[in-house]
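Pasting in a structure now, in structure tokens, and then I'll have a few things to ask.
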């Protein structure tokens, strides 16, 4: 029992040195990675997209090459849950997985077999080890409850398709902890979730850690790191470029990559001059209602009497949890959909009441940048054709190149299909297309939610910069308060189809009046 | 979609627009290079086979200068040899020459049947996808009923109405394929019509007919090229099945199905009579199928 | 017996013959829709009914009429009254005696429109009345003399059935007719098989029977196997003992086969007409004898027959089958001579050619529409037509071969006024009937008159009064020599008028394995299994 | 419960519609075909029946009525399930079909089972292949699938007969009963092209499911490859293949027309060919009707099966129907 012990004399659950993983044709994806994790602690692995975080996480359970070419794994030292696994065969890995190591995969929404009940999925690792039925269901229910799911019995009988994203994430965690592993590896467990839900999941992980499980958290969300991690390893290009305690790495990042990561986190208000009161109204919505009938009968009140005004040069943020009606509002504002009641006026003239034929000549005044920009491009068109068509439709004299410069995209995008662009580039292209019309109002639905922090930061910067230059009014929809705060001057908080609070961003920040706003602000991860 | 596929589709679209600006020669070369890259080895072999068949169909004399119908009973049943690479048939006709000259009719048969199927499928599918609800309901039922009639059953019915021959067989196979195409088209057109990019175009102020021409039509039809390619191969095989039942091609036309069927009776004594047309049918159909598959994999979803 | 005309007689290299057992017969002919050959009347019915029904008289290989159910017959001077003496103590398998009344019931059944008989109906058309004289004597009163009467009565389509059986009504009788034959129908599973059981009390031996008493075989399983390659494979694998309509390849393979495989081959050409191409002289261009001759002279048939049939079929130059003793042939008329054909066409005014090399007259192309019945022409025959198509193309004929199913084929032939379209210049139509009187059916101008269904038998549309007179005369005269002379004259007219291109006998081959003693009747050349015995392999 | 009832009603409505359209189409098609149906009754085409008997038959079968009346009569019979008597065979159509149905069902059934078995074997082999050599073999297998899917029945069957019956003598060349021995060759002939299609679909599905996140998750729980295959991936891969069963059934029946002729097997396919050739209107209507309704039944069973395998579909009235990507001929 020498060497395996840490300075404090506790055997590490995970002890890796010189881990190198390569793929045929790709080369080394991980190089010389050293990791060490003790029970009851949480190690966060952070890094930009493609840094190798997921490969690292999978290597820890012997599944580095999962879903692609078989990987070549080499390590000087590789101990997992007290067992030396250098050169372990499939059988030995299988004994570790599920029992000693619990794993939460990155794609939480698809990580439960949609054809099997949640109970069967959660109990699978027990079943594989021959645990009998009554005992198994007992432990499954226990794990589900432990993971913070209400009505465990009901959940166990449901299938993943019937659960919300947050519930699925919790069920997945339940399946990872059901056999009480010593190590829990969680790959981006909060990416797909909105702030309130994400906070719940992080709290759950924190609880598990406090109960003695070693947690390896893979994430690009530094807020989550700050909340949970004891130690941080920053990964870049497959190497650990910096590691240390969380406070140290987040507070005084040494390596440029770490510094860039920390800097990219939106913090504080943007430097925005106030919008003059007398600026003309470009968009006014009053009493909007929208009700959706649900397939099983019943209905949902997506909008329940919403009103707002947007003035020239203003940036209005709309914030709210998932399902609060933000996207519905956006669609009604741009008249992609009719409201059941209420009306929208555009630049002081009727808009929502017109027929589509009469709306068409004024369409160029409003533009929507949808939540999923890729879907909004004809897959057969390249960047050039997309922009040229947009320019022609609005009779603009600008050139596509000018539009690209506006959103800081290289001219080569003209010849590329949107599919081959990165997420951030696509988002910019969508914004460029919207700008072709020089619209009076630009409505952006979750423009950065799918992007990693660094990319997100640069898009937000572009938006702020844009508004300064063109004076276009913005309606920016997001569930991320920090994003709103950075770009907008006014914010409207939505909750269950209603606007529960509206006002200047800083004022709402300082003195939230609605209880829901307060809850939302509290769920915010602490800034690193 | 995998990174590789992303790049493939990028190549294709990029190639298309770049071509407008660049010189035609450069454009063609680039396009060809990108096509090669996206088809892969299997796809290239298939494309080669298809090209060969098309060449045989258009200029049979180039590949086989002889007369496919010239009889020479004295030379009947010659096994493959220097004089006749694929041997000769019961009437002493050169099997190789006949196979080459049969390409035109066989391919024509496949293409015609597919064209009929696609045409009708287009009508039914677009009608159902874009028309009012009642029309969708009605056409969907029509598609369902057509589906309930297996192709050979349909063919038998048609042949009994129109008599045997290539025409009715082609029509039958075309009709039998129509519901399949219609269903694909309907689903495809619906998803395109309700796609975010059509909505986006409408929000930019594009009128409905314009959006149809610009987005719906091309995006619905493109995947159909792949499906159609695949359909040609199968149509050839089904028409040949009709030949077997005595309902197919007219003699002495060297249609492959008819040749295969005639040679089948001599399978033990003169194997080469079936091998040549059999290879031709399977190679052409398999190559078309493979190519269709590659094309649909390359096609944007 | 008919079997003697075959090249083998079923004993080649066989093992020990055994008593009993089940013989499996696989036919490529269509499955009958009714097992009673009186109804309709086609070859498949004759084939099957030979096993359970017997005709009044038989016929040997030389074409001589032989006694069977009727032991003796006499015709009156004016040819209008026939007296037949029936064999004694013969009963149908249901116990009904075969007597004069039974014969009367059969003839009346044939003549009853409800029976919907076509072949049998024509055969007994001239019998005006049947008079039962006593139990074993029956008298036929004819409307006009009929020298072909006995030949007609020898055919399976007029075979005798139990009157009690007929009484049961068509549906039941079709399923299991009751006759006097060596077997009885015990089960018919449509599309699958007919099971024939041995008639233990069999006494009415026909000319082919070589022993007294019941057949050796216990039962016959009669199966329908339309695909010739499958039939041959089934014979090779020992699943069946007898197959009909084999492809020439199979026959050659059977005859030259390895020593272990004891196949034998039975060649029994059908009587009546020969397989021939008939040229429609009723309309242009074949209304011109020169064009007909040109067609026939340019067709080079012999090498094709040689290659395609591999010696199995021999070229014919006669309108009648080689099984008909009165057949007359004239090879000189059919020498291939493309140069002469060109000359003839030039003379006939077809002296221009179009871009594709076809002859043209008055802007019309020299087109010969040739509908081919896929049910009646085997692959080799269709290939032969293709060769003729290629031959005649050399001199400028455009032959359009159209394969058609039977209905469509009849439709193409039928006259326009009967809903058909007369859409043929050339056609090959088999016609099986015993005796030279088939010439009257095929070439008498009355044969251009369509039956109510639109069908007519005179497909070359010969309308020659002199020929009509000769044929009518021949049908009346019972003297064999005079009759033969008249038929020769008639055949000469048909041949010299270039109405037909004779090809070969109607092919009727059988391959057997593991069975001995299979012979065919001298009438319509259907096989009989009265002498057959399975052999121990 | 209400959902079940609605589903059942939907299926019944579909069946009724199919029956009506098929009866109508076949009736007019055959009447347009020319050839007098009374000929079919009087001993087939080319019959030399007399004027008298033709007239009698016309009256008996109402063939002298106007076409519309005849159609309505036929429809009335069809609706009341009186398929009538066959013109040519003079037997009740129902009886004729009843005799042939089991044979064809046995053939198509075994064909489907074999096709599934082949497809399953190919697909599982493909996903379990490891190493470059095995990968190459899988590549060949893919080519084989394509070739199999375009294999003409009549040719494949002839080769099988020549080899296994004529040459080796292991199996009978003909097929008359429903014993396995006699069904094997025709069923294999029938199964190969369908297996080619199903194999492609299953392999695609299996490959996708096998690399899906839920499969990886199962592995992280310690599941072996075999467990992942049988407990997770196969169910997913089976779904598109089940959805294809309606198409496969049609394809098998089409193939049966050829295969039954080739092997001299009694069955619906041969019955149909003969009836069509004979212009036997009631029989053709009967057979086509049975085939079309059989399709509706198979579709319904596939529908149910899909719901069993995929609980997500249970709420829906109708499951998605598919033909394999572009495999549009059946």
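Just so it is clear, A, B, C and D label the chains in written order, and each chain counts residues from 1 on its own.
As a convention for this text, a residue touches a chain if its C-beta (ideal position, glycine included) is under 8 Å from a C-beta of that chain, and two chains touch if they have at least 3 such contacts.
On a predicted model such as this, the values are computed, not experimentally measured, just so you know.
*Asks:* Which chain's C-alpha centroid is most distant from that of chain D?
*Replies:* With centres defined by C-alpha atoms, farthest from chain D sits A.
*Asks:* B-C versus B-D: which interface comes out with more C-beta contact pairs?
*Replies:* Of the two interfaces, B-C and B-D, more C-beta pairs touch across B-D.
*Asks:* What chain is most central when centres are computed from CA atoms?
*Replies:* Taking the mean of all protein C-alpha atoms as reference, the closest chain is D.
*Asks:* Find the geometric centre of each of chain B and chain C from their Cα atoms only, then give the gap between the two centres in Å, rounded to an integer.
*Replies:* Centres of chain B and chain C (C-alpha means) sit 46 Å apart.
*Asks:* Compute the distance, rounded to whole Å, between the mean C-alpha positions of chain A and chain C.
*Replies:* 87
*Asks:* With chain centres taken as the means of their Cα atoms, state the distance from chain B to chain D in Å.
*Replies:* Each chain's C-alpha centroid was found; their separation is 23 Å.
*Asks:* Could you grab the centroid distance between chain C and chain D? Build each centroid from C-alpha atoms only and quote it in angstrom.
*Replies:* Using C-alpha averages as centres, the distance is 39 Å.
*Asks:* Would you mind listing the residues of chain C that make contact with two or more other chains?
*Replies:* Residues 229, 375, 405, 407-408 of chain C each touch two or more of the other chains.
*Asks:* Give me the residues of chain B that touch two or more other chains.
*Replies:* 159-160, 264, 267-268
*Asks:* Throw together a list of every chain pair that touches.
*Replies:* A-B, A-D, B-C, B-D, C-D
*Asks:* Any idea which chain B residues touch chain A in the complex?
*Replies:* Against chain A, the touching part of chain B is residues 1, 6-7, 9-10, 13-14, 16-18, 195-197, 199-207, 214-215, 218-219, 222, 300-301.
*Asks:* Which positions of chain D touch chain C when the two form their complex?
*Replies:* 33-36, 39, 41-54, 56-57, 88-91, 96, 99-100, 158, 161-162, 165-166, 169, 172-174, 176, 261-264, 266-267, 270-271, 274, 276-279
*Asks:* Sort out for me which residues of chain A touch chain B in the complex.
*Replies:* 334-336, 360-361, 363-364, 366-368, 370, 372, 375-382, 384-385, 390, 393-394, 415-417, 419-420, 437
*Asks:* Considering the complex alone, what residue numbers of chain C touch chain D?
*Replies:* 26, 30-31, 33-34, 39-42, 113-114, 116-119, 121-122, 170-171, 174, 189-193, 223-227, 229-234, 236-240, 375, 405-411, 419, 451-455
*Asks:* Can you list the residues on chain B that touch chain D in the complex?
*Replies:* Touching chain D from chain B are residues 42, 117, 121, 141, 144-145, 147-153, 156-161, 173, 176-177, 179-181, 183-184, 226-227, 230-231, 233-235, 237-238, 240-241, 244-245, 257, 260-261, 264, 267-268, 274, 278, 281-282, 285-286, 289-290, 292-293, 296.
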